[in-house]
Amino acid sequence: MSSVSFRKLEKSYGALRIVKGIDLEIADREFVVLVGPSGCGKSTTLRMLAGLESISDGEIRIGDRVVNRLPPRERDIAMVFQDYALYPHKTVYENMAFSLKVRGVPAAEIKPRIAQAAEMLGISQLLDRKPSQLSGGQRQRVAMGRAIVRRPQVFLFDEPLSNLDAKLRGQVRTEIKRLHQAIGTTIIYVTHDQVEAMTLADRIVILKGGEIEQVGTPDEVYNTPASVFVGGFIGSPAMNFAKGRIQGGAVAFDGGSSIPLQSRSAGPAGALEGRDVIVGIRPEHFLPPGEGQPLTGRVQVVEPLGSDTLIHFALGPSTLTARVAPEMRPIPGDTLSIGVDPTRIHLFDAATERALV
Amino acid sequence: MSHDTPANRSLFSGKPLRILIGFVLVMNGMFPALWILFTSLKTETELTLKPITWLPHAPTIANYLRAFTDQPLLLFLFNSFMVALLSTALTLFVSVLAAYALARLHIRGRDLILSAIIAVSTFPLVTLLVPLFEIMRALNLLNTWIALILPYTVLSLPVCTLILVSFFEGIPRDLENSAMIDGCTRLGALFKVVVPLAAPGVFTAGILAFVNSWDEFLLALSFNSNPMLRTLPVGITLYQGEFAFPWPVISAALVVGIVPVAVLIVIFQERVVSGLTSGGIKG
Amino acid sequence: MMSKKTMKLLLAGAALTLTASAAMAQTNLRVFVSSQHRPDVWRKAFDMYEAKNPNVKVTIETGGNTSEAQAQYLNTVMTAKDSSLDVMILDVIRPAQYAAAGWTVPFNDVLGADADSYMKRYLPAYAEANTVDGKVVALPAFADAMFLYYRKDLLEKHGIQPPQTWDELAVAAKKVTESEKDPNLQGLSFQGKAIEGAVCTFLLPYWSMGRQLVSNGKLSFDKEAAVKSLKLWKDFVDQGVAKKNIAEVATDDTRKEFQAGNVLFAVNWSYAWGQFQGAESAVKDKVGVVKLPAVQGGQPASCLGGWEWGVSAYSNNKTEAQKFVQYLSSPETSEFMAINAALLPQFPDVYTDADVTKAVPWFANARPVVETAKARPVTPRYNEVSDIIRTTVNAVLAGQSTPEDGATQMEGRLRRVLR
Amino acid sequence: MATASETTLVTPRNESGTKWWTRFLDPSERTLALLLLLPAALLLALIIVYPVCRLVWTSFQNLSLTSGAPAAFAGLENYALMLDDPVFWETTWNTVLITLITVPGALLVGLALALMANLPFKRKWPVRLSLLIPWALPLSFAGLIFAWFFHSEYGVVNDVLGRLGFEGVIWFNSARWAFAAICLTIIWKTSSFMALIILAGLQTIPRSLYEAAEVDGAGRLRQFFEITLPLLKASIVVALIFRTITALQTFDIPFTMTRGGPGTSTATLAMYIHQNTVDFLDLGYGSALAVVMFALSMGVTAVYLRMIRAKG
């Protein structure tokens, strides 16, 4: 078990820069999730760590070792691939035993290790099957089992749940979390799904265009998104954004409504006077009518979810979504007056899209 | 995905080795044809020089003129072309129908028929030389194109049918259903909707059938002994006279024979590869 | 197709009216001519016939470059009972085969009682080759035989007479090649490749020992003579008289090498003479030609060549075709072809004809050779017999089997075929 | 036909306005299936099924077209003759030998070519083309071209050997060398087909398997033997079946290179069948030979099929 660190990590193909100088320290036993949209460089970063991709510049350390030039087999890592990469001609047992056999672990030792791992994952009865005879969830578990038996310093997961259906995904997610709690090995996990990131991670690293947008615990990235991008990426339904301007200690929206700046955003308000901003409001942070600061708009679509109701309404040129109590069922076309908690709005600079304050 | 892994680099460290391997590959495939091209441009005198010359000293096209005048090479080309074309057309027609039936219609014993087709594709046609010779003789077809077209069709039929079955199976059934709802007959749907959509497959099968026919030697040698009805491979092989074996002229004729298929291959290389590997088989 | 149809119509018309005069019915004759035997000159002979017989139209068909290829073509035409060919030229080895298969019509009906005297006019070997069981199955087109060509200049230089026996030839060859010190000069070139010529290669010494391969349709194989014959040739190779890769040498290779001045003695057919004396030849006027040597104590023997005219059994114009063939096989045509195409005459008298001797003087030397020439075995299964002999000769010369093994194998295989 | 009858028939229209001939265009599924399969069935019947029956029948007959005699039942005579025929044994042995040498040979060369062609070349088409050209080249052309390569005096092979300091070989003057030349030519001609099939197989192996193996610690060689080869098995078996069947039919290349010489030392069974049929017109004997070859290739197919089935 070991820490991992990236220093000014770069990857480029010719003129194309995929990873642009990533600095990241991952502590021993930490569960870090790299998350971002496709093309953000998260997979490339993981593959560079695994040694499957060469490093253009910078440095990767696992523990105290610089591993830049080491082949994968010498990095003491294990990896779970998106398509699981199970050897189709080998049985589950052989798949799990392969890396140990290659490393010359004596047969007498291999058997109990596999038995233990299989036990932990509940695949003991599958050991004699070929991958083609397994269901998607079972394959996923075998792929993890193959990684576990190695007892590596670091586990790498490359979008391991993307080939599973929604229900299984939730189930396996829990298992991965339990697994980490049980064995405690450092895990670096790549996904494009913010829910996975939020539920699994000790720390989330949000990547965009080959650069780190924000690093933080799930709470940090949720509550204090560093940019419009992070705000929009984390949370579901996504954060609402509306353009506005700071006027007289309040945010004036293009449509005419305004919200006074209070508490934490009140401090520097004076300094912001007259600036164009983007206001972010999470759908779940709207308040029932009559509470907080009122906002008025025209109801466009109403989606009852059972547990909540989603109301899409127009605020000036923007459309906002609010998650409200299930009883609330306005009629499309109506004018809606809804409350906003002024302490829970996010302000971003309109030009740089970085968080203000 | 990129192949530029550290491991890859360690073994084939970059360009030089890869270029060398590429060169070996290209030479393996092209050298014989290239050499024959060089030979065809040499004079008979240069050809008997020792040590032999590699590149022609004074390239001449005289051998090509002789290739066309000494023997009816154009006629051989024409025979080969027509036999290949007609047998390809017949193969496609027959195999489109059969493949459609196998891919789309509910037939009892479908798997049995498919295995039978695979079995036929491994059939050694050589062994049928005698009975085919007799049948062609009885039907008065010796020394006609038909004597070759019929067996060639059967030669390519299994392969083409298998390719087409897999292509037809890839076409959504609903397209056809919707065509029939829109007013097509079943056969109309086949020819107006399915065949055009399977065009790449039909095309691939067609090229394979064409090359199969173009290359065939034994039956052409045995059934069409009339020099006027010879196909290219037979015609060129029998260029050697009672007394002489005119190498430069034969080389020129070979080049003429290679060019059409080479052009076909260059234009349709990807199709051919996909056809070969999607069930197309030929030694 | 069209012409066949019209022809049928014409025939039907003639049959219906019955009154139509012969002059009105046009006969189309289709003639197959070997492409290596001057079809251009034959065409002229055909033209002359057409001029005299305006109701006959002759079309020519050529094809195949070798006797084998031509036989293959005719095989398919005949087995298909195709009526499109009326007359075909046949290698001398084939009339017996074709007669046995029933592919040609005998001439006895046209010749009537005179058949015997008619055939007596030809060189005896040709009368014999074209008569099967008393039936005249084909008529000779021209003659040919194998000759020994030699370098007159070199023999004179070393004071050597043309050899009478193969042993003398070996001695002479060794003497000349050793003193000439020309690494390119071979003592003897003959046909060792597995072609029809190799059959003659085997038979020359075998016949010279007075042996026959087939008598009265039965195999009369003399193994001892066969071993000797094979050994004779193999010894030439082993002693360096003939070159090492003689098993690759075909008829025209012998011709080319001799013509380039690289060969002292060469065994070859008559066509080579014209080429040796041609403008491109390095040995023009330095060539002598004699009959082939004999084995010690034997008689000299040559291999009978030449081609014959046969009429297809499936022809629709058999009578006209036979008449036409009689013209083609006449002394006049023979003389015409001798003068214009240098084809050896099938009539003894034509050799001494003044016009012929003027045009091709060396024919005077050729006649005695043709007269000693023997016909290859007459059997319906000649193709198989030929294949057995030539592959054996080829194998022995390539060192693939010993003369003894070769002869044993040959005998075994011949017995199977001629069972 | 249809148009001709249409003009002479009064075509009754039914209520829905469809014409009488739509019955043929919209037949029941079963009928349609049969109709569609009919042309193929007819062709196969004419060119395969009937000839096979006829082949077996003729092999029990005395039928030589040069004898002029009609066919006569001969029982097992042709087969008895065959057992006693040294050329039959020699050509059969040659055929088997060619198969035993060129099939594994083409497989190994083809595997090497495929592995090389699978490298990440910037331009793929020259590589693809250089595998396709030998495949598309007629076998007889390959034979002619290589006959010229192996020419003892003017061939490029002896020239290269000479430059490397070896003595040239008179290839076609010795059974052993001629056989070697033929086998080399066949291997060259057929290996690219093998390579194409294997290359396609290679490209279906997911890259992630190699990455997994890499992470698991397997080296290149280990990856090849533990992943590549086992996963190529299916394509290799398919390629092997067809290559073996065609190797048993070898005709074009020895025919164009040596005509079976020297002697009959490089003749194959297919050449002997052809010779007996076309040159000697001994159809009875030719048929008996063909029956043997037929049995041989059916045997091979059966063995392979069993292999495939046994290993799943």
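In this document, chain identifiers A, B, C and D correspond to the written order of the chains, with residue numbering beginning at 1 in each.
We adopt the following convention: a contact is a pair of C-beta atoms (placed from the backbone, for glycine too) under 8 Å apart; a residue touches a chain by one contact, two chains touch by 3 or more.
Source: prediction; values computed, not measured.
For subunit A, the chain with the farthest CA centroid is C.
A count of C-beta contacts for the chain pairs C-D and B-C puts C-D on top. Chain centres here are Cα means. That of subunit B falls 41 Å from that of subunit C.
Taking the mean of the C-alpha atoms as each chain's centre, subunit A and subunit D sit 57 Å apart. In subunit C, 72, 75-76, 79 are the positions where the chain touches two or more neighbouring chains simultaneously. Across the assembly, subunit D contributes 211, 214, 278 as residues in contact with two or more other chains.
Of all residues in subunit B, those touching 2 or more other chains are 4-5, 7, 225, listed in ascending order. The residues of subunit B lying in touch with subunit C in their complex are 137, 140, 142-143, 223-228, 238-245. The touching residues of subunit D, when paired with subunit A in their complex, are 206, 208-209, 211-219, 222, 226-227, 230-231, 233.
For subunit C in complex with subunit B, the residues that touch the partner chain are 36, 62-67, 69, 72-73, 75-77, 79-80, 82, 250-252, 255-256, 271.
Residues of subunit D that touch subunit C in their complex: 64-68, 81, 84-87, 152, 170, 172-175, 259-265, 275, 278-282.
In the complex of the two chains, the subunit C residues touching subunit D come out as 68, 71-72, 75-76, 79, 97, 100-102, 193-194, 244-245, 247-248, 380-381, 383-384, 387, 391-392, 394-401, 409, 412-413, 416.
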